[in-house]
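What follows is subunit A paired twice: with subunit B in the first complex and subunit C in the second.
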Partner chain A sequence: MMYPDLSIKIRNGIIVTSIGIFGIISTALLGVFYAPGVDPIAWNAPEAQRIFYWHVPFAWSSFMAFSMLFIGALSWYRNRSEWGWRWVSTGSDLGLLFGAGVVTSGPIWGSVEWGVPWDWGDLRLNTFALLTGVALFLVLSRRSQPDGQETRDTLAAIGLFGFALVPITAIATTLYQKRHPGIVVVDGEGAGLDPMMRAVLMFGTISFMVLFIGLSMLSDSLLRLEDRVEQAKRRLDEVNQ
Partner chain B sequence: MIESLIGILPITSGQVKWISNDGEPLIVRDHLGTRRKPLPFGLTLQSDGICGEEKVRERLEIALKVSGLNLNQDEIITALDEWGLSHRSEDRVSQLSAGLRRRLAVLSGMAPALFCETPRMIFLDEPSEGLDSFSRGVLKSWICELSEKGNAAVIATHDEEIMSYSTRIVRVESGKISETSNSIGKQEFKERKFSTEKSSQTISSFFSWGLSIESRNPIDTIGKATPAILALLLSYSIVGRTNAMNSDYELFSALILAPAFISAVVSPAMILRLSEQDCGKWWSAICGPQIRPATSVLAASIILPIPLTYLSWFVLEGSISGNIDQGTIYWLWLPSLVIMDISCAATALHLLVSDLRRSSAAVASLLLVVLIWPFIQLVDALSMILDTGMTWDLSTSSPLMSLIFASIISLMVWAVAIFIPDA
Partner chain C sequence: MTGTAELILAYAIMSAIIAFYVNHLRSSIVKLSSKINEISIVYEEE
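Coming up: the complex of A and B.
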């Protein structure tokens, strides 16, 4: 059986990932040394605010990864398409990576700015935490379960379940906020940003996107190669029977 | 193949269509995910499909009952006697040897057709595997009798002797299908008394089966109560001193409700029972897609939340100071009722995870995190009741509304976990 050559895609993936890593390291350096600080009177922990140059891009990238997971799960569920399953795999891996970034950087920032690491009234934090939990479940289960249609069906169903959690979390958080007025620091991240801060944030967001694309390319190539190895092993099983 | 034909295994292409005796087609399963409950049939799975807690007689009764048949005790014993099992009729299946258990599984799979006047389908997966020569003789005789009376038996087997008793042999070898016909000589069979046919009672039989084996060995109840009691004792040892919580109604409410909540989210033993010898697969085949919502209710913590919440109240009551509403005790059952909803949602999530082939290697608790939301709503509701008493107004900040929202959130999680896998 002839397979398409993946070496160019892998090489490009490595280049794009390297650019992304360089970009996010540069973002951290720019955020600490170049971007101006925020008003020390309006903010409880003005220096800690610099974490948002990673926190916000982490959130955007994980949003893209979770969308990939959702589209892949839907496609697998409807058509049993191989690309759909690869998207579930890549989306869950990257969703875990970037989602963990959101739910780690968020509480670090929150604990010094709000005085509490977690706010049950923050929709985004709670949604990302639940979706990251689902992504972790999928990553662990994909490794521990024998691959097959039944397993893929169940994991795709759990991927879709993760997305159904988004409106449920939205309702729950809104209700919680009605009883416990939320901790308001600013109206929204990026609102009324200094142009230099906005530039660093944009640079960070683009860098994380590039990293996301590079990792997606590598992950997709890896999954294709794993599939080829599995098929080769099956052929060997038949020969050895 | 058998599991695809009875609708429990998803298929990648085509459809499984059953034709009723009236000629009506029924699509049991198709590649788009459609799944419907098949017509009454008999089933013997390769791994028996019987839970060890069941009694021998009870198993045969259930197999007939889910098929809409009802034999009296003498007829049940006579059927068991044909397979050399009558002296074991009151024994639990776990006490049988593998060979005897196999006899029971095969008997239970064939009986729904043998004791029914109208022709039926039966499915036997490797029926002769593990049977001794006596039982193989009975099996061959029953196959011939079923065939003679117009029933259809689909048998998956590697046993050439069993194949020789089949009228149509389909071989699947190296991805190729070939078919041959076979003729069986006419034989004489003893007269049988047929059972009167009623509508099949699959879900009610499943509930009575679940309650019966739980009352025989209450591991589900004890397994859920133990961590709840431990949580209560732990709470008491930390805050059980007089006035330790200084009017912190929310903390007090959380501690009161925590044991019942813990009992609600613990993995139910029923799921382990259903995985024993593929017992869940047998029930899934018989009940069709309704098995998932039925199991989520049957295996949920229904009995424990109310007594656990009252127990928590009596144990921890002395640890709160301030003017708590004295009528609170009359309303503790309300959040407990919602915890039953939470338990159904948690069970639905455990069921979703149990679909995985190595479910014990999956971290179900990661999916249960969402249930923190209804718990927070319940804590809010109880703290409001403690503070101002129970009110019936429906504003968003009333205890009743918090209880309703907690229930709705649980219901949404339950619905998503139940309906997505079979959608």
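Coming up: the complex of A and C.
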């Protein structure tokens, strides 16, 4: 007996996720085969630059996930709301997912373009790695600690403080640019993008947003399902006693 | 050196991360749905 409300939510989540996956695959194909290349003289590895059609939307999606985590943590503290905790759980999962994509693809690109995979003196790289580390800590803690109000309070507090790194990471390249390039979609000296490249990047960003929404719907449904299994088990135990 | 190998490697890793999470969601939902079915069958029998 599957719950009808959850069945509909899962089905919708699958549809939205599938659209998102179709969109991001199209973005990769457009980025690799259609978007214009960069100046091969100015860039050390012009083909590797095409990584950015996924690298940048991955980073933006991770910021959305950390914002979700922050809103969820606030709601948990204000009202002890179940949806708030589900947002903390989903936000940390998706923050880790998209953060891991950024911190693996970035060094691969950096190693061939900059000659080094990581720069320990670059503010954006290090604050972003720390942010992904916070998400990893939250995901592992949620899986290893018994679920209860104390655990939720502690993890929500870490999520709240971890969010402070989001604006620092987001504006790091504006305030303190060392190795990582600045914000590419904002017009300005050295920051403008070719219109075709911008169009592919925007298409990728929208596709990743759709994927993000689909995955959030599925993750939320999974957490509701876990709750209902626990409730059903408790009811069964009461009947048996 | 144009970075083609790195381009393929980066896309492969990012795809694998997404595929891993989608599969985790799918298998967890399937597992929990069948668990709810099992519980409801036992509940109805008792």
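Simple rule for what comes next: the second predicted complex is superposed on the first by the 203 of 241 C-alpha atoms of A that agree within 3 Å, B and C clash if a C-alpha of one lies under 4 Å from a C-alpha of the other, contacts with A are read in each partner's own complex, and residues count from 1 in each chain.
The rule is short, and it goes like this: a contact is a pair of C-beta atoms (placed from the backbone, for glycine too) under 8 Å apart; a residue touches a chain by one contact, two chains touch by 3 or more.
These figures come from a predicted structure and were not determined experimentally.
When the two structures are aligned on the shared chain, A:I51 is found in touch with subunit C, with no touch to subunit B. When the two complexes are overlaid on their common chain A, residue A:S111 makes contact with subunit C while staying clear of subunit B.
In the superposition on chain A, A:V229 makes contact with subunit C only, while subunit B stays out of contact range.
For subunit A, the partner that touches more of its residues is C, with subunit B and subunit C as the two candidates. Of the two partner chains, subunit B is the only one that A:S144 touches; subunit C does not reach it.
Touching subunit A in their complex are the following residues of subunit B: 9-10, 12, 31, 33, 352-353, 355-358, 361-363, 366-367, 369-370, 373-374, 376-377, 380, 396-397, 402, 405, 408-409, 412-413, 416-417, 420-421, 423.
Looking at the complex, you find that subunit A touches subunit C at residues 1-3, 10, 17, 21, 24, 28, 32, 40, 44-51, 54-55, 58, 93, 97, 100-101, 104-105, 108-109, 111-113, 211, 215, 218-219, 221-222, 225-226, 228-229, 232-233, 235-236, 239-240.
Residue ranges of subunit A in contact with subunit B, taken from their complex: 77, 80, 120, 129-130, 133-134, 136-137, 140-141, 144-146, 148-151, 153-155, 157-158, 160-161, 164-165, 168-169, 171-172, 175-176, 178-179. Of all the residues in subunit C, the ones that touch subunit A in their complex are 1-4, 6-7, 9-11, 13-14, 17-18, 21-22, 25, 28-29, 32-33, 35-37, 39-40, 42-43, 46.
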